[in-house]
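Chains here go by letter, A, B, C, D and E, matching the order in which they are written, and residues are numbered from 1 within each.
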Amino acid sequence: MGITTISFILLSLMAVASSVMMITSKSPVNSILWLIVVFFAISGHYILLNAQFLAIVNIIVYAGAIMVLFLFVVMLMNLNAESEPAKNHRLQFIGVISGGSLLLVLLSAFMTVKNDHPVMLAGGNAGLIKTLGKVLFTDYVLPFEISSVLFLSAMVGAVVIGKKD
Amino acid sequence: MNAILLSGIWGVLMMFSGVFIKSKTTPKYLAILGILILFIANACELDAFNLGVMQFSIDTKEMLNINSFNLSFLAIVFACTLLYFLLSARDVEKVGEHVGEYFALIFFVLCGVSIVATYNTLLLLFLGIEIMSIPLYILTGSDKRNLKSNEASLKYFLMGAFSTGILLMGIAFIYGGNPNGSFFINNIQLGEGPMPAMIAVGLVFMIIALSFKVSAAPFHFWTPDVYDGAPTVFTSFMSTIVKVAGFFAFVRLFENSFGRVQGQWINLIVFITVLTLFIGNITAVFQQSVKRMLAYSSIAQAGFMMLAVFALNDRAREGLLLYSAAYSIATIGIFAVLIKMKDYTIEGFNGLGKTNPLLALCTTIFLLSLTGIPLTAGFQSKFFMLMAAAEVTGKFWLIIVAVIFAAISAYYYFRVIQAMYFKEAIENNIEENEVSTSFKIVLAIAAFLIIAIGIYPEFVVGWMYH
Amino acid sequence: MDIKYYIALSLTLFSIGIVGVLTRRNAIIVFMCVELMLNAVNLLLVAFSNMHAASTAAKALPTFASDAQIFVFFIMIVAAAEVSVGLAIIVMLYRNTHSIDVNFLNRLKN
Amino acid sequence: MNNVLQIVWLIPFLPLVGFLITGLFRNNLSKSLSGFIASATIFGSFALSIFVFLQVKSGNTHVAHYFNLLNIDSLKVGFDFKIDQLSTLFLLIITGVGFLIHVYSTSYMHDEPSKDFAKYFSYLNLFVFSMLLLVMGGNYVIMFFGWEGVGLCSYLLIGYWFKNNDYTNAAKKAFIMNRIGDLGFLLGLFWLISKVGTVSYDEVFSAASLAKLTTTDITGITALFFVGACGKSAQIPLYTWLPDAMAGPTPVSALIHAATMVTAGIYMIARSNILYTMAPATQNVVAIVGLTTAIVAATIAIKQNDIKKVLAYSTVSQLGYMFLGLGVGAYTGAVFHVMTHAFFKALLFLGAGSVIHAMSGEQDMRNMGGLKKYMSITNITFLLGCIAIAGMPPFSGFFSKDEILAAAFSKNPILWGVGVLGAMMTAFYMFRLYAMTFLGKFRGTHEQEHHLHESPKAITFPLIVLAILAVVGGWIGIPEIFLHGGHQLEAFLKPVFAQSNAIAVKHEMSHSTEFLIMGVSVVAALASLLFGLKKFSTYKKEDDVAASGLGKVLENKWYFDELYNTIITQPLKSLSLFFNNIIEKKGIDGLVNGTGKFVNYGSRQLRWLQSGQVGAYVLLMVIGMLLLFIIQLFIKN
Amino acid sequence: MGTFITFPELLLWLPMFAGIFCFFIKSETLAKNIALLSSLLVLGVALTTLCYTDAKYASYNAVNYIWLRNLGSSFYISLDGAGRILTLLTAVSFPIIFIATYKNSYKNAGAFFGLMMLAQCGLMGVFVAKDALVFYFFWELALIPVYFLCSQWGGEKRIQATFKFFVYTFVGSLLMLTGIIYVYLHTSPRLFEDGTQALHSFGLQSFYNATLTAGQQGWLFWLFFIAFAIKMPVFPFHTWQPDAYDQSPTPVTMVLSGIMVKMGLFGVIKWLIPIFPLAVPKFANAVMILSIIGIIYASCIAMVQDNLKKLVAYSSIAHIGLMCAAIFAMNEISLQGIMIQMFSHGINIIGLWIVIEMIEKQTGVKNLSQLGGVAHKAPVLTIMLVIIAFANIALPLTNAFVGEFMMFAGIYKHNIWMAAVAGLSIILAAVYTLNMIQKVFYGNTNSITENITDISLNEKLGLGLIVIMIFAFGVYPQPMIDLAKEAVVSLMVK
C-alpha cells in the first residue's frame, strides 16, 4: 500500500464523487465548478502516470479555457437553478438504470482478465514535453496540419452561426 | 493526397471569397471550378488518363493508405459533388448570407471525406470523421431564423459529440488491447482464437460509433430529425456524400483490422442490418413529407449498404462503389427537384407528370433506381450487394430478408410516382422560373447516368481495378 | 498498479457521463457530460500508453508510448473545436427561443 | 360408280358447304333459296350415301385417311373416315330422314323472318355435317368431333328462339348434361390411349391391342364410354334434358331428339361392340339402365298432356329398349330398332308438328281432339306411326322391338317380362295420345277451330314417305322363323359384329318359345292399346280429376328435376358462393391486403419511437449498445 | 444476315425503338399507325423466322455479347422451341390488339403506344433470353410498362389494383433473383470467347449443369416457382389477377392475360424444370394438386361472378391451372399439349376481351345482370363471341381442343384421379360460359342494351383473324406441333 496507491484511490474517489455531483447539482454554475474539480483530479492522475505535459495542458485548456468559456456562456444567459427545466423522473430513473447496467456489463468483461498488465508509474520519458514535441512535429506532422482544417471549419462555423444578421 | 490538400486549400479560398467577393452569385462558380479541379487532380492520382501518376509527394509516415480503391471512391464522391453543385448551387445562395462560407464548409467536409477514404491510422479516422461532422453541425443550423433548423443542429451536435465519445472509447480499448501499442489499422495484433476482451469491447464501441455515423439502427435516431430540419440543399449533401463516406470508412476499418476474425463479430452486423432494414423501410411507409420519407429511405438504403460490411469481399467492394454512385446520384437528383417545390408533402408532387414531364421522368428514374428496378444503377448496386452477401456461407436467409424489405420499399417510392402521374395537380407547386434549362439538362444527364450504370456497371467498378 | 483499475475508473466516469446525458435536459450540462466522457477516454489512453511502455517492446523504441499521449492531445484539440461550435449553436438557440432545454424544441418527430 | 368410295368425303362436305352458304349469306338469301340450298345439299349427300351403300353391300368397305390431326411419338390421330356396313346404314338414316325433315322445315318454319330462317337451315346443315362426321369417323377422336358437334347444334337449335329464357335454359341444360357424358367419354378415351396408345378403330379392335387390355381396363373403358352414351342418348340418370329439349322447333325434335343425335350413343356402343362383349359386367349395367329408363320414361309419358313431351318420353323409353338390346348383345336388334325408330318417331314428331302448326302453336292435348275430320293425311300417317311404335305386326316397330325382347328373354326372362310391361305402356300412352288428339270432339277455342286446316304439301309429303317407311321399314329384318334368310339386315351387318358373335355365348331357343313370347308381347300390347283407345276417345276436360299418389308422382316426372336441383345444383351454387365470398374475398385476398395493412400499422406504431427528444434517443441508443455488448460478450457463436 | 443482325435482336429492337419513338409523337393517329406498323413488321419478322428454324441457320437465331465480364454474364439471346412459339404469339397478338382497338382514343396516346411497344420488347426479351441476368432484366422490364399503362389509363380503382399487381409480382421476382444468385454461386467457371474467365456463369446452360444437392434444389425450386406461380397465376397466388384485369384498359388486359401469364409457364418450362431435375419429381404432385384445386376453385367462382371481366379472369385462372398441372405431368403428350395451348389460349382470350371491350365501350356496364339481348342488335358480334367462347371451352375443331385434349391425356397418364378431377372443369367451364352467353346475348334487350350497334370493320377484322386461327389450328394443328417438338424433346431428355 504505497503512496501512489493511496493517491490513486483518493484521486479516483475525488473524480467520481465530483462528477456525480456535477450531474446532480441543480444550478449549471455548480455543475461547471464540479466538473473543473473532476479535471483537476484527472490531471492528478496524469501526474501519477508521469504525463506532465498532458497534466498541464489539461489544466490550461480544459479547466482554464473551455470551462471558463462555459461559465461565460452560462453567465451570459444568466441561467440559474430556477431556469433549470422540470425533470421527468421516470426517464431519469430509466437513464440511471441503463447507464449503470452498461457499466456493469463492461466491467464484467474485464474483471475476468487476470493481472498481467501492470502500468508503469512514475517512470519512462514518454510523457515528457521534449519527447512529445519531437514526435508531434516529426511523425505526427500530417495530423497536426490536418487539425488546422478542423480549427478553420470550427472558426468559420462559429462565425456563420454566431454572427448576428 | 491531392484530394486532401486541394480540398483544404480550396476551402480556405472559398472562405476568403466570402470576405472579398460581395456578389452572392459568384462563389458558386468558384466552387464548381474547385470541384472540377479536385476531380481532375484525383483522376491524375488515379492515373485515369494514363499520363503517369501525378500527386503531391508528402511523407505521410504511412498514415495514409492510397490505392486505386480509395481513389476510385473519391472519384465517385467528387463526381457526385459536381453534380450536386451543378443542380443545387443556386439554392445554396438562398439559405443565407454567408454563401462563401457555406461552400468553404462543404469543401472542408470533402477534405474530411478524403481523409476517411484514405486513413491508415485510427487517429486520422478520428480526425477525418470530426472534420466531416463539425461543418455539418453548422450547415444544419445555417438557416438561423428557422427553429426547425436550430433544433436539428442542436440534436445533431449533441448526439454527434456523444458518438465521438463512444468512438474514442473504442479507439482507446483497441489501442490498449493491441500488444503492438499502435494506432495503425493494419498493425493490430489479434492473436489466435477469440479476441482479447479489450479488443472485443473496443470493436463493439467502434461498430456503435460508425453505425451512428452511417445512421444504422438502433443508432439512427438523429437521422430523420436532422435531415428533416436541415436546409434541404444541405440535407441532400449530407444524406449522400457524407453517408457513403461513413460506410467507406466502416468497410475499410473492418476489412483491414478485423476481417480475419469476422466470424466473431458478424452477428452484430447481422443484427444491425436486419434492424436497420426493418426500421428504415417500415417507418418510411407512413411518412407524408417526401423530405422525411427520403430520410427514412436513406436509413433503409444504409441497411442494404451494411451488407458490404457483412460480406467484406471483392463483390462487396465493387458493390460499395456502385452503391455510392447509384444512391448518391439518385438522391441528389430527387432532392434537387424537391428543393424547387413549395410543398414538400407527397401531394406536392401531384400531377407533376403533366405540368413538368421532364422533371417527372427523371424523378421517376431516380425513384425506380432507389427501388432497385433493373436497367437502373440501383438494381446493379443492390444486385452486387446481394451477390457479395450470398458468398458468405450459412447466412443466405439474410438475403431473402433483404429482398423482402426491398419489395416493401417499392411501397413508398411508388407513392411518389403515383402522385406524379396518376393524380391531378391541385395548384402549380413549382414555379417555372426556378427550373432553368441548364438545370433540366443536368438532371437529364443524371438520369442518363443512372441508366448507363444500370446497363453497364463495369465502368464504375472498373476504376477500382485500374 | 494494474491496468484494470484504470479501466474501471475511466469506465465509471464514462458511464457517469452517459447517465448525465440521459438525465439532464439543460443543453450545456449535457454537453459538459460529453466532455466528461472524453476525459474518461483521455485518462484511459494515458494509462494504456504507460501500460505499453511497461511492456518489453518499449525498450527498443523510447518514444514508443508517446503515441497515445499525442492522441490525447489531438482529442483535446477536437474538444476545443467542438466546444466553440457547440456553444455557438447553443447561443443561437437561446437567442431564438430563450431556452436551452434540449426538449423545448420538439417540432421534428415521428 | 366404283370410285364413289374415293369421294366419300363429299358426303359430310356438302352439308358443310350448305352451312357455310346459308350461314354467311343469311342476310341476302331469300327464304326459298336458302331452304332449297340446304335441302339440296342434304339430298346430294343422301344420293351419295345410296351409291356408297350399294358399294358396301357388294362387300367392299373402305378406310380413307386424309391427313394427320396429331402426329407425335406417343400418339397418332389421323383424320380418317371408315365406311363399313354400320356407318353406311347410319348414313342412309341420317341423310334420308334429314332430307325429309329439311323439306318439312321449309314450310314449317316459313313464318320466321328470312334471316332467322337461313340461320335455322345453316344450323340444321351443320348438325347433319357433325352427325355424319360422328358416324363416318375412322377413330374415336373424329367420332368425338361429331359427338361434340351435334351437342353444339342441339344447343343452338333448342335455343333457337333465344328471346325466351326458358328455352335458353333448356338449351343450356342439354349442353351441360351432354358435357357430363362427354367427360366420361373422354376419360374412357384417355384410358384407352394410355393403354393401347391409339384411337383408330381398326387398331384398337385388332387382337394385338385387345390383348394389351386387362378385364379391369375394358370394364372401366366401356363403363366410361357408356356414361358418355347416357348423356348423349338420354339414359338415366342423364335423361332429363331431352324432354326440356322440346323447346326447340318441332322438326328439330324430330331430327335431333328422335331420329339421329340421340342414337349416337347406340352407334358408339355398336361400333365398339367387341369391347362390350368382352366386358359382361358393363353389358349387364347397360341392359339394366336401358330397361329402367324404358320403364320410367314410359310411366312418365302416361301422365303427360303436352303432345311433344309425350313423344319425348316415348323417345327416351325407346332408346332404353335399344340399350337393353345392346346390353343383351343383340347389336343388330339395337341398330335395327334405331332405324325403325328413326322412321316412326320422326313421323310422329312431324305429325305432331303438323298438328301444332294447325292448332297455331297449341301443344296441350287437352285442348285438342277430333282433328281427324280436319286433317286426314296427318291423321292416317300419325295412326300408322302409333301402330308401328306400339309394335303391331307387320309394322316395322314389331320386328325390331321383338328382336330385342327375344334376345332379352334368352338372356334372362325377367328382363323380357319387364320389357313387355314397357311395351304395353308404350301402346297405351301412344293411343292415349292419338285418341286425345284426333278422336272425340274438338276442345279448343273457336278461332283455333276455324283456323284448323290440313298442312301444305311440303309437310304432308315427308309424312307420307315416313309413314310408308314406318310400315315397311321392318321387313328387312324379318326373323328366320317366318322367312328363311328374311333377316337381310343381320346378314348385312354380320361383318361388323363378327368379332363379338365369335365370342358371345349363343343360346338358341326353340321356335315354339319364340312364337310364344312374340305372341304374348303382341297380345299384351294390343290389349293396352285398345284400352287406351277406348278410355280416351271420349275424353273431356271436365272428367280428369286432380291426380294423387302415384299419378301425381308421375305427373311430376318422379321429381327427377327437383332431386337434381337439391343434390347437385344448389350445393354447387352455395359452394361457389362460399369460395367467392369467404375464401377468396375474406381468406386469400384478406390475407394479402392484411399484410399491406399490417405494414401500414407497424409504420404508424414505429413512428412513436421517433419521439423528437434527445434524451429518449440517447436512451434508446444506450439500450442498443447494451444489447450489442451482451450479444458480443455473453452470446457465444 | 446472321453476321449483320439476328432475328432475336430484330424482335427486341424493332418494338423498342418504335416505342421510344412513339413517346415523342403528339398526334394520336400517327402514334397509332406507327405502333400498328411496327407490330406488323415484328409479325413479319416472327413469321420469317419460321423459315429458318433449321439447325444450319443457327447463326441467324442466336447472338452472344459479353456483358458483365467479371460476373460471367453475357447478353446471350436466341430463338428456339418454346421461345419460338411464344415470340410468335407475342408478334401475332399485338397487331390484332391494335387493329381491334383501333377506334379507341387515349389521352396522351404517344405514351400509351410507346409503353405498349416497350412491353412487347420486354416480353420478347423474356422469351429469347438465354442468360439468367438478361432473363431477369426483361422479366422486370415487361412489368414496368404494364404497370404504367394500367395505372394511367385504367378504371377508377386502377391505382390500388395495379399496385397490388406490381408488388405481388415484384416480391416474386425478387425471390427468384435470390434463387438465381444462389444457383449462380454453384455454377462452374466460365471461359469467354476472348479467353477471359469468370469464376461463375449466368448462362442458362451452366445453370442446367450447376452442382446442387437435392436439399438445395428443394427450396430453390420454391423460390423460383413462387415467382412463376404469381405470374401465371396459380392458386393461391392469383388474387391480384381479377382486379388487375378488371381495372386495366382492355388492350393491356389482353397483353396481361394473353401473353404475360405465359411468362410464368415459359419460366417453369425453361428455367425451373431443367435446373432442378431432382426437385421436380419430388414436388410435381404437390404443384399439380395445387393447380387442380385452382382449376375447380376458379371455375366455381367464375360460375357465380356477375362482373363479365372478372368472370373471364377466373376462367383464365382455371385454364392456366390446367396448363401448369400439365407441365408437371412431364410426359411428351402433355408437354406438346402445353405448347399448343399456350398459343391457343393467348389467341382465344384476346378474342374474348375484344368482344367484352366492345360491349363495355358501348353500354358502359360490365355486369351480366344488367346486360341481355345483345344478339338481336349485334348478330355478327354474337356469332364471333359464340365461336370464341366455345373455343375457350375446348370444343373440337377449335384450337383449344387439341391442346386440352393432349394435356388431359398427359395428366391422365400421370395420374388417373387428377385427370378425373381436373376434367370436371370441362363441365364447369361449359356452365359459366353458357351462362355468360345467355345473360349477355340472349333474352330480351333492356334500356342499356337496346341501342347497341354491331361491330365495326376493324373489330370485325381482328375477330375474324382470331376466328380463322381458331379453326385453322383446330383442324390442322400439326405445324404448331412440329414447331414445339424441339422444345418438348429437349425437356424430355432432361
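We adopt the following convention: contacts are C-beta pairs under 8 Å (C-beta built on N, C-alpha and C of every residue); 3 or more make two chains touch, one makes a residue touch a chain.
A quick note: this is a predicted structure, and the numbers were derived from the prediction, not measured.
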Fill in: Neighbouring chains shared between subunit B and subunit D, ordered by label
A, C, E
Item to complete: Mind naming the chain pair that shares the most C-beta pairs in contact?
Response: A-C
Practice prompt. Please indicate which chain is farthest from subunit C, where distance is taken between mean Cα coordinates of the chains.
Written response: D
Worksheet item: Per the centroid of Cα atoms for each chain, what is the distance between subunit D and subunit E, given in Å?
Response: 38
Discussion item. For subunit A versus subunit E, what separation do you get between their C-alpha means, in angstrom?
Written reply: 71
Response to the item:
Distance in whole angstrom between the CA centres of subunit B and subunit C is 27
Worksheet entry | Averaged-CA centre spacing for the pair subunit D and subunit C, given as whole angstrom | 98
Worksheet item: Can you list the residues of subunit C that touch 2 or more other chains?
Response: 3, 7, 17-18, 21-23, 25, 30, 47, 49, 51, 64-65, 67, 70, 74, 78, 81-82, 85, 89-90, 92, 102-103, 106-109
Response to the item:
Shared-interface residues of subunit A (touching two or more other chains) are 88, 91, 94-95, 98-99, 102, 106, 109-110, 113, 140, 143, 147, 150, 153-154, 157, 161
Item to complete: Going through subunit B residue by residue, note those that touch at least 2 other chains and give them in order.
Response: 123, 127, 130, 134, 137-138, 141, 144, 154-155, 158, 162, 197, 200-201, 224-225, 411
Worksheet item: Every touching chain pair, please?
Response: A-B, A-C, A-D, B-C, B-D, B-E, C-D, D-E
Fill in: In the complex, subunit D residues that touch subunit B
596, 599-600, 602-604, 606-607, 609-610, 612, 614, 617-618, 620-621, 623-625, 627-629, 631-633, 635, 637
Worksheet entry | subunit A-touching residues of subunit D, taken from the complex the two chains share | 615-616, 619, 622-623, 625-626, 629-630, 633
Worksheet entry | Complex contacts: residues of subunit C adjacent to subunit D | 18, 21-23, 25, 30, 102-103, 106-110
Worksheet entry | subunit C-facing residues of subunit B, complex | 123, 126-127, 130, 134, 137-138, 141, 144-145, 147-148, 150-155, 157-158, 161-162, 164-165, 168-169, 171-173, 175-176, 179-183, 224-225, 228-229
Worksheet item: Which of the residues in subunit C end up touching subunit B in this complex?
Response: 3, 7, 14, 17, 21, 27, 30-31, 34, 37-38, 40-41, 44-45, 47-49, 51-52, 55, 57, 64-65, 67-68, 70-71, 74-75, 78, 81-82, 85-86, 89-90, 92-93, 96-97, 102, 105-109
